[in-house]
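Read through the structures below before going on.
Below are two complexes that have chain A in common, paired first with chain B and then with chain C.
Presenting the complex of A and B:
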């Protein structure tokens, strides 16, 4: 089957299996018990072949060729290729200028870091029920998908069934976090089986299958070089990335962006010149990298720049808050064009940083840390001042399979003033039903409890690209606001007609149009809705509804300042998070309670990645962590207490000024934990420690430094 | 994943007696907990099966055992065993060299060196426990080896050794085994060995 990234992926392996747990056979049975017994009767004999587990070995001259099927292709998605196991090179920025700046700078810091392979691990695994009606030729698929409309397009292209005869229903989903964006081989198997057999076919994964074969994230081997003058002013940034894409190039990404939006890695800082080079390679691991609770490759970008800022601060002996402050893009510089081509829309970083430092008594914490260090105790303070890029995406820059990344909303106001609204996004637990209803209620002055929001059924909802990359509010929310404003514009015309005045004589107030200067002369939205179906101005169509397909002029750039304090037990290596203070600026805050929930969730998933999640492989390519015995899912027991705060800097181009928030806390908190853990050892010359910061790994560092000796 | 284990078992028997047992593969196989020789295909080639329980995974492996070298002079046995579990989801291979070193006076030492490679589900599920499990399997092998030699003789000791062998569970799923595994694990925690 074709992948979103331009490669071809095996549905069921033939001749060669490329990674452990790859699907090789399917059994279809009347019930799961027969299916399980039948599966046991399938005997598979494997002949071991040489494997590549370490991506640094993929392009060795003597490396085994992993994909004979594409050996002759000079492109598998983004070309050109320079080795049989090479997928793409993607470079952006000014290489010569960056090298020149690096060569002449007062100081250059360089660090290798690995953002390990992790799995989004939603609580509900992937699954579907495909049902093909042989008489009508209709295919209905119930599926746990974050992008049902794209799935419909893909299924139509692959099966030849017209899109109009395919209905994809994505019902309530038990979490997605990027994992449910793609189309997996087992979906294809279930759909094909249903078309062949003419019967409904259900497929559902168990936990091990889910963790082993479905979309994971990250696996970026990064080298950063940051140049600065002696006062800590940044002169240049150079980044080299080796991306482990697994056995097939099936990353979920906008077509033209093989490394996603990684080039936002200049962060919140004025970086005069920069260059990024990303090479993607094949290895014998599961394919299908996605953005785990982040916009495409933004978690990696933010991790890189925030780590480099810390390392620079250590090198120069300038405090990590101070060095960030010296390099911030200032509020009056927005919109700010970065050296790698992004236009950051708005922000006020210094205000946010000051608010956090004051709230936690930063000077006091540093004093306490100095005392603790004198006593031989390990205390670390982590700080990040990150900028995200979300709201995928302006269609001029981004598409999926050629479909622009707009978002849609359709609003119908009934005669009695209740509303049915449908969107192309799909909630995976973010409470779109509340946020969208609130936007409509605010724009139209109709009670939110009479507004029904429906998503996820391609037969009823307008075409949309789905929910990921924090795009629901920035793009879907914008479509909803614009559609609501179209409805209100029509309502105004009807109100003017009913009140026998000109539109210019009307003022809008909460839920009604009032005639200027004439108290009592007014029509409520409910009255207008009724009139829309029986008494409209001449020449106007009846009804009160609108659709909007919103194509954003730019991305949105939410940001945050996070500070964490950790205490480390030098005999066990256990990292105890004493304090985590998260200030987010997501622009206009539509529903504070939902924002708070999203931030708590994102911070907790960030904590999971920072402190335990990884998918380790042994040298034979065995995945050593595909059960919840090994894969870390934090519960209330482990999760620290979160303190949250905010500033509000509205996005200038979003109809509501909102920027999206669900992913910032995940993206921002991970480097903040690393920053704190490394900070505990910074006085001993440690500049970086790779994720995850498990007790075992931290203890190893303690032991290496000889800090665990008892008197 | 690969695990390397080296073991030494001291005996009070002369090396010649121990060698008699060590060089008789079908008999020595009975000392391996959970293992069984099914048939001799031809000289030095056997088929056999092993049942192992590692963590939550119980697996039955079927495969071949090849004696690569029997050196009467050096009293050394080299063998290789490899198999797949019946569902094809895991495979295991063990290369082992065992030899006898006579001690001053009475007795000898059985020394063994083995590399165990496991792939598939067994590695995924049992990876963390493989070193301890391999260690325990071989420790039990040493104990059984002593019983087996004793049982070859006459008298009361031989009688009780034969009884112990009869009680020996055919799978690695005894409470005593789990107990010794836990004990080994705790011992490791208390006195951590240097690992690479």
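Presenting the complex of A and C:
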């Protein structure tokens, strides 16, 4: 089957299995117990072949060829390829200028860092029920998908069934976090089985299958070089990345962006010149490379630049808050064009940083740390001042399979003033029903309890690209606001007609149009809704509804300042998070309770990645740990208490000024934890420690430094 | 495969069902008795989304056999509301934004119900320890703790 990234992927392995747990056969049975019995009857003889587990070996001259099926292709999605196991090279920026700046700078810091392979692992695994009606030729698929409309398009292309005869229903789904964007082999198997058998076929993963075969994230092997003058002013940034994509190139990125939006890695800082080079390679591991609660490869980008800022701060002996301040893009410089081509929409970083440093008494913390260090104790302070890029968006920049990344909303106001609204996005727990209803209620002055929001059914919702990359508020929310304004514009014409005045004579107030200067002369939105179905101006069509396909002019750039304090037990290596203070600026805040909830959740997922999540493999490519016994999901007990704060710097191009928020806390907190853990050892010359910061790994560092000697 | 007829009280209603002796309680509750509020998330009894109340104890229904419930009393999330009125815990989860995707919520509710039976006014620490067998990927737990406290005050 074709992948979203332009490669082909086996539905069931034919001749060659490319990774452990790859699907080789399917059993259809009346229930799960019979299916499990039947599975025992399937015998597969595997003949061992040489494997590549370490991506650094993928392009060796004597490396085994992993994909004979594409060996002659000069590109699999993006090209050209320079080795049979090479997928793409993607480079951006001014290479010569960057090299020149690096050669002439006062100081250059360089660090290799691995962002390990992690899995989004929503609590509900993937699954579907496919039901093909042989008589009508209709296919209905209930599926755990973050992008049901794209699934419909893919299924139509694969099956030859017209899109109009395919109905994809993504009902309430149990979390996604990027894992439920793609189309998996087992969905295809279930659909084919239903077409062949003419019966509904249900496929539900177990957790082991989920962790072993569905889309994981990261696996970026990064080298950063940051050049600066002696005062810490940045001169250049150079980044090289080796990306392990597994056995098939099936990462979920906008088509033209094989490394996603990674080039936003200049962060919140003025970086005069930069260059990024990313090579993607095949290995004998499950395919993936999705955005785990982040926009495409933005977690990796933010991690890189925030780590490099810390390392530069250590090299120059300039405090990490101070060095960030010296390099911030200033409020008056927005919109700011970065050296790698992005136009940051708005921000006020110095204000946000000052607010956080004051709130936690940064000077006091540093004093306490100095005292602790004198006593031989390990205390670390982490700081990040990150900028995200979200809302994968402008169709001129982004598409999936050629479909531009717009978003849609359709609003119908009924005669009695209640509203049915449908969107192309799909909530996986972000409370779209509340946020969208609130937008409509505010724009139209109709009560939110009479507004019904529906998503996820491709038969009824307008086409949309789905929910991931913090798209819902930046793009879907914008479509909702614009559609509501179209409704209001028509309502205004009806009001003018009813009141026998010109539109210019009307003022809008909360839920009604009023004639200027004539108290009592007014029509409420409910009255207008009724009139829309019986008394409209001549020449106007009846009804009160609007659709908007919103194609935004730019991405949005939410940002945050996070500060963490950790205490490390020098005999066990256990990292205790004493404090975590998160200030987010997501522009206009539509529903503060929902925003807070998203931040708590994102921080907790960031904590999971920073402190324990990884997918380790042995040298034969066996995944060492694919259940919750091994894969870290923090519980009530480990999870820190979160303190949240905010500033508000609206996006100038979003109809409501909103920027999106759910991903910032994940993206921002991970380097903040690393910053804190490394900071605990900074006085001993340690500049970087790779994720995750498990007690075992931290203890190894302590032991290596000889800090665990008992008197 | 050996089948056995079992009966137990499910949300105060007597039910009788024929099961294979190897069938898990979670599967029988969901697939034979149609109570799909009880979810399945991990198969290794770590995540707790399958938590039900069996004879006054919180149990992970993906890790016990249906036959073990024979003659017992089972309560699932569907049994919390009475006469169309949500249980104070359910109301508190809504009010305090204690759920997002909702997949862990049935397990959280039914475990919180038992926790509050055992300890009607738990401290934050007691709530966190008491619910530590139930995982959530969305909320960061803070608002669940808050909701359980709110419910405890109202019960």
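Rule of thumb we're sticking to: the second predicted complex is superposed on the first by the 711 of 711 C-alpha atoms of A that agree within 3 Å, B and C clash if a C-alpha of one lies under 4 Å from a C-alpha of the other, contacts with A are read in each partner's own complex, and residues count from 1 in each chain.
Note that a residue touches a chain if its C-beta (ideal position, glycine included) is under 8 Å from a C-beta of that chain, and two chains touch if they have at least 3 such contacts.
From a predicted model like this one, the values you see are computed outputs, not experimental measurements.
Colleague: Which of the two partners, first being chain B and second being chain C, lies in contact with A:618: first, second, both, or neither?
Modeller: First partner only, chain B.
Colleague: Identify the partner contact of A:627: answer first if only chain B is touched, second if only chain C is, both if each is, neither if none is.
Modeller: Touch partners of A:627: chain B and chain C.
Colleague: Just to be sure I read the superposition right, which of the two partners does A:20 touch: chain B = first, chain C = second, or both, or neither?
Modeller: Touch status of A:20: first partner only.
Colleague: Under the stated touch criterion, which partner chain does A:46 make contact with: chain B (first), chain C (second), both, or neither?
Modeller: first
Colleague: Going by the touch definition up top, name the partner, chain B or chain C, that contacts more of chain A.
Modeller: C
Colleague: With the two structures laid over each other on chain A, which partner does A:558 touch: chain B (first), chain C (second), both, or neither?
Modeller: After superposition on chain A, A:558 lies in contact with neither partner.
Colleague: Determine, under the contact definition given at the top, whether A:639 touches first (chain B), second (chain C), both, or neither.
Modeller: second
Colleague: Tell me which partner A:182 touches in the superposition: chain B (first), chain C (second), both or neither.
Modeller: neither
Colleague: Please indicate which partner A:121 is in contact with in the superposed arrangement: first for chain B, second for chain C, both, or neither.
Modeller: second
Colleague: Both chain B and chain C contact which residues of chain A?
Modeller: Of chain A, residues 208, 627, 629 contact chain B in one complex and chain C in the other.
Colleague: Once bound in the complex, which stretches of chain B touch chain A?
Modeller: Chain B residues touching chain A: 1-2, 55-56, 84, 86-88, 91, 117-121, 123-125, 127-128.
Colleague: Over in the complex, which chain A residues touch chain C? Could you list them?
Modeller: 31-33, 121-125, 172-175, 177, 206-208, 428-431, 593-594, 596-605, 627-629, 633, 635-637, 639, 641-642
Colleague: Okay, in this complex, where on chain A does chain B touch?
Modeller: Residue positions touching the partner: 20, 40, 42-46, 48, 208, 212, 618-620, 622-627, 629-630.
Colleague: Mind pulling up the chain C residues that touch chain A in the complex?
Modeller: It comes out as residues 1, 20, 22-23, 27, 31, 39, 41-44, 46-47, 49, 97, 99-104, 127-129, 131-145.
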